[in-house]
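Both complexes shown next keep chain A, but they swap its partner, so chain B is in the first and chain C is in the second.
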Partner chain A sequence: MEALRSAFTFQKTDLWIGGVLASCLILFPLLGPSSFAMATMIQFLMFSIYGMGWNAIGGYGGQVDLGKAQYVGIGAYTTTVMLLRWDVPFWISMPIGMAIAVGWSFVIGYPLFKLKGHYFAIATIATSLVLKDLFEVWDFVGAAKGLHISPVKYPPPDFKRLIFREDIYYYYLLLAFFFIAILVINWFRHSRIGYQLRAIRDNEDLAKSLGINVHWSKIKTYALATAFVSAIGSFHAVYIKNIEPEDTMSLDISVLIALMAMLGGAGSLWGPIIGASILIPLKSYLKTWLGAKAGLVGIDLVIYAVIIMVVSAVEPRGIWGMLQRFKRKRN
Partner chain B sequence: MALDVLVSSLVAGVLIGTVLALVALGLTIIFGVMDIVNFAHGEFLMVGMYTGLLVAQGVGMEPLLTLPAAGAVGFLLGIVCYFGFVKFLLRGPMLAQLLGTFGLMLFLRNLALVFFGSEDRAIHHGILVGKSLALGMGVMIPATKLAAAILSVLAFICVWLFIHKTKTGKALQATAVNPQGARYVGIPTDKMNGLAWAIGGATVTIAGALLVNFWAVNPYVGLLFTMLAFTIVALGGFGSVPGAFVAGLIVGLITELPGIWDFISITLGWSWMSKVPMTSFKYTWVYLAYFIIMLISPKGLFGWKR
Partner chain C sequence: MALLVVENVTKDFGGLRANDHISFQVKEGELVGLIGPNGAGKTTLFHCITGHHRVTSGRVIFNGREITNLDPHQIARKGLARTFQVYAATGDLNVLEYVMVGTFMRTKSPLKAKQKALRVLEDMGLRDWSQRMVSEIPVPAQKLVTMAVAVATEPKLLLLDEVAAGLNPTEVEEVKETISRLNREMGITIILIEHVMALVMGLSQRVIVLDAGRKIAEGLPHEVVQDPVVIKAYLGEKRGEM
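Take a look at the complex of A and B:
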């Protein structure tokens, strides 16, 4: 009960932002967007939720995690394998995927959080790459070729397995996930563990001396972040319908997740959403316009890399941090 | 029959290990001097590989003579990256530094993709290509690998001498130990940071020009070497030059584990062992090794910096 109340407790500014955002997102499909715009919006929502998950451990906790893609992979593979082999509906396979991902996050989180700073960041990459290598040779999950969900086998719209022909179903479902994610993060940042984590970020030794179990708090938050990412990983599987180790578990995805949160402002509620709303449309437009039309493969990612470099050198606190500074100056 | 498998994997491991040690040398110097992890390190290597390849093919030169050109390119690249970009990252938090150098990595990789396309390219000419040294028992050493290993050791010795025997090298060491103190005694620490990047760039591009003689280059080659270099640096100790050499040899041997696995499987005659797809996991062991090393001893073998 207490948790529910704190999940719905918003400050006035947050309520305004949330209200405007929610109405825009709910009304968006009524504008009759092209399928390209729709797909971009779905990507935006997915990556916002990934980013919110990352933000719990990376933004509030200051632990730079560059291995989130492994949980996208665990969620996506659990759902796909269970659907293809045993015809398990999405609503059962998603929690199972989350449970597996959280279990795995405890297994590797326990040793991982003994490391700090750069060492931690590189170790998360290492675990993610080990898992990817494993999935690339594991025949049970389709090895390097990956798995393919054929929509022909399931007459859409299939609400049990979440196989649809129109993107609009996916959009509204994902939007529901999106709002739930915001509420969970809102609960998290007002909760005991949220405050503990911010204390750890600001001064770990001091936090320890106050009696906070630093190691265990980090592991618990990491598990929470993992659950977010894995749930959307499952969704990714039924939406994309074609999963391979290379595009679900690559380092680029992990970094994109971290980058969005940083661009928007790590450690704030709206940061990951702002970051995703800038980077995802930019990425898909650059890709279709420059990449395909001009025949210049890679030029989109060059521009993208320049943005990363400029942001990290000029404004490491992100856009939300910049806005906060303006606000403070005006007052 | 089985012993030659073992000996040739061990020899191959040592040879590749010396080159890998040279790859990691730049990373450990940069980390030691200024506490920043350079994710673009593998991409610097790729730049070296392309330089070696293009100079060798464009001018029709002997591939091993392209090393000075590659070194010069790396030196300049390091200086440009430091004064043009990395310097500004130092003000920000660690997250910004990590993602900043990651951006540099994406930038270099995709620039190479725009210019050179995604196909593999390799060198097929030169006096050493196709020649090999017979070691008896059917063990053959390719001449290109042997030359690369010898030249790597030479380059390593040169850098070690520079750091330990010259005045500039000692200033570099002082900056690594205590930047503020170094500034007080009149060492231009900003220039020293730039120098660390220049040496780091030059050594890794030289390693790249050596590697390209027996390793095909494409724009995506960097990440693997970045991870290998991280492992070597972690094992040897962040900031330690002799540590990088020893750890390079060890990691070189780890990458040859499939051969050793074959040797055990042949000797013991266990058929299940030969069914395990070990070659697909060639580099997985390296990542695992990084993870385990960091847990057991975060300082590494010769580390002094935490």
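Take a look at the complex of A and C:
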């Protein structure tokens, strides 16, 4: 009960931001957006939720995790394989995917969190790449050519399997996930583990002297972050309908997830959402406008690199941190 | 019965022996000073007691149970709290939230943790700072916050590591007052590392002196300061005032 209440307890500023954001997002499809704008918004919502998951361990916990793509993959593959092989509906395969992802996160989290700083970051990249390589040769999951969900076989609209022709269905479903994610993170940051994790980021020795099992707290939070990412990975599969190891589990995705949260403000409620609202449209437009021209492929990566350098030099707490500093100066 | 028993604790860092067969006991309710020149091994000894360092040999017994080389969080949960000499709070937790992290050791509910934390802040005279960041408040208040966080875990034994360093005489008096209250009113047993002699001598019922990793003296404050071995450790061969 107390957990539920704390999930719905917001500060005044947060309520304002949340209210405005919610109204804009709910009304957006009524403006009759182009299919390109709609697709970009769906990407924005998906990456916001990935980012919120990352933010639990990466922002509040200060553990720079560059391996979130493996959990996108686990979610996406669990849902697709279960659908294609046993006709399991999305609403069952998604929680199963989350359970598998969380299980896997405990297995690799135990050794990973024995590492600190850069070593931890590099190890997370490695685990993600290893899993991707395994999927590329594993015939059961379609190996490198991946899996395809045919809308012919599952005629839309199919609410059980989440197969639709129009993006608007996906949009509103995702929006519901988005609000749930905000509530979960809001609970988390005011929970015992949330406070303990923030103390760990500040000073591990002090945290230990306050009775906090640092290793276990990190693993638990990592599992929570994982559940977020896997759930949206499942969604990604039924939305895109075509998954391969390369585009669900690549390093680009892991980096983008982390980068968004850092740009917007690691360790703040709105940070990942702000980051996604900048980087996702940027990515979409760059891809269509510049990416087609020869010689400009990969320009988005250059821009990410510039962003990460500027953020770490100017304000490590990202855009949200800048806003906070500005506010404090005025007071 | 002794609350803390330190038995022949030795700590080596490679070839350097930072603690050399140190033994002493602290009874429940006592307030003991731990002094010695820089590099004597005082903080290392604290680290060995709280599990932040693994001891090379020897035993630590707390409240009748052996705690040698347990993890720091396990030792903390048995009721042994400490402060740190170097303490930089750069995070986004404010004073109240920091103290809450302490109360969370014994409380699951955020609501109760907050109430308990507010009570601790009230007791320590920090109520006015509760919504400020630790780095924003004056140094004497910061020192009290580090103590408040430790006190919030409801310890039986509290190890204070140079809480009065860098304070002026008036501020030292305030800290002294608080430490004395923790000991007498709240019944917390305290071991105190301190260079500020006015504080150690005024507060401690007993003083232990370390030099070069060894215990060189133990006794009442006024006895210890007259001990030739102690004077030599602090001032070298020549005689003088401490």
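We take it that the second predicted complex is superposed on the first by the 320 of 331 C-alpha atoms of A that agree within 3 Å, B and C clash if a C-alpha of one lies under 4 Å from a C-alpha of the other, contacts with A are read in each partner's own complex, and residues count from 1 in each chain.
By definition in this document, a residue touches a chain if its C-beta (ideal position, glycine included) is under 8 Å from a C-beta of that chain, and two chains touch if they have at least 3 such contacts.
Please read all numbers here as calculations on a predicted model, not as lab measurements.
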Combined model on chain A: chain C and chain B, fit or clash: fit
Touched partner set for A:Gly53, first chain B, second chain C, both or neither: neither
Which of chain B and chain C A:Gly265 touches, first, second, both or neither: neither
First (chain B), second (chain C), both or neither touched by A:Gly61: neither
Comparison of chain B and chain C by chain A residues contacted: B
Chain B versus chain C as contact partner of A:Asn203, first or second or both or neither: second
Touching partner for A:Lys114 - first (chain B), second (chain C), both, neither: first
Chain B versus chain C as contact partner of A:Ile212, first or second or both or neither: second
Which of chain B and chain C A:Glu2 touches, first, second, both or neither: second
Apex chain A: angle to the C-alpha centres of chain B and chain C, given in degrees as a multiple of 10: 80
Smallest distance from any CA atom of chain C to any CA atom of chain B, in Å, after fitting: 11
Overlapping contact positions on chain A, where the chain C interface meets the chain B interface: none
Footprint of chain C on chain A - complex, ascending: 2, 6, 190-192, 195-196, 198-199, 201-203, 205-214, 267, 317
Contact set on chain B toward chain A in their complex: 37, 85, 88-89, 91-100, 102-107, 109-114, 117-118, 219, 223, 227, 230-231, 234, 277, 280-281, 283-284, 287-288, 290-291, 294-295, 298
Residues of chain C touching chain A in the complex: 50-52, 71-73, 76-77, 81-82, 84, 87-93, 97-98, 100-102, 104-105, 107-111, 113, 149-150, 153
Residues on chain A engaged by chain B in the complex (per definition of touch): 58, 62, 64, 66, 111, 114-115, 117-119, 121-123, 125-127, 129-130, 133-134, 136-137, 251, 255, 258-259, 262, 266, 296-299, 301-302, 304-309, 312-314, 316
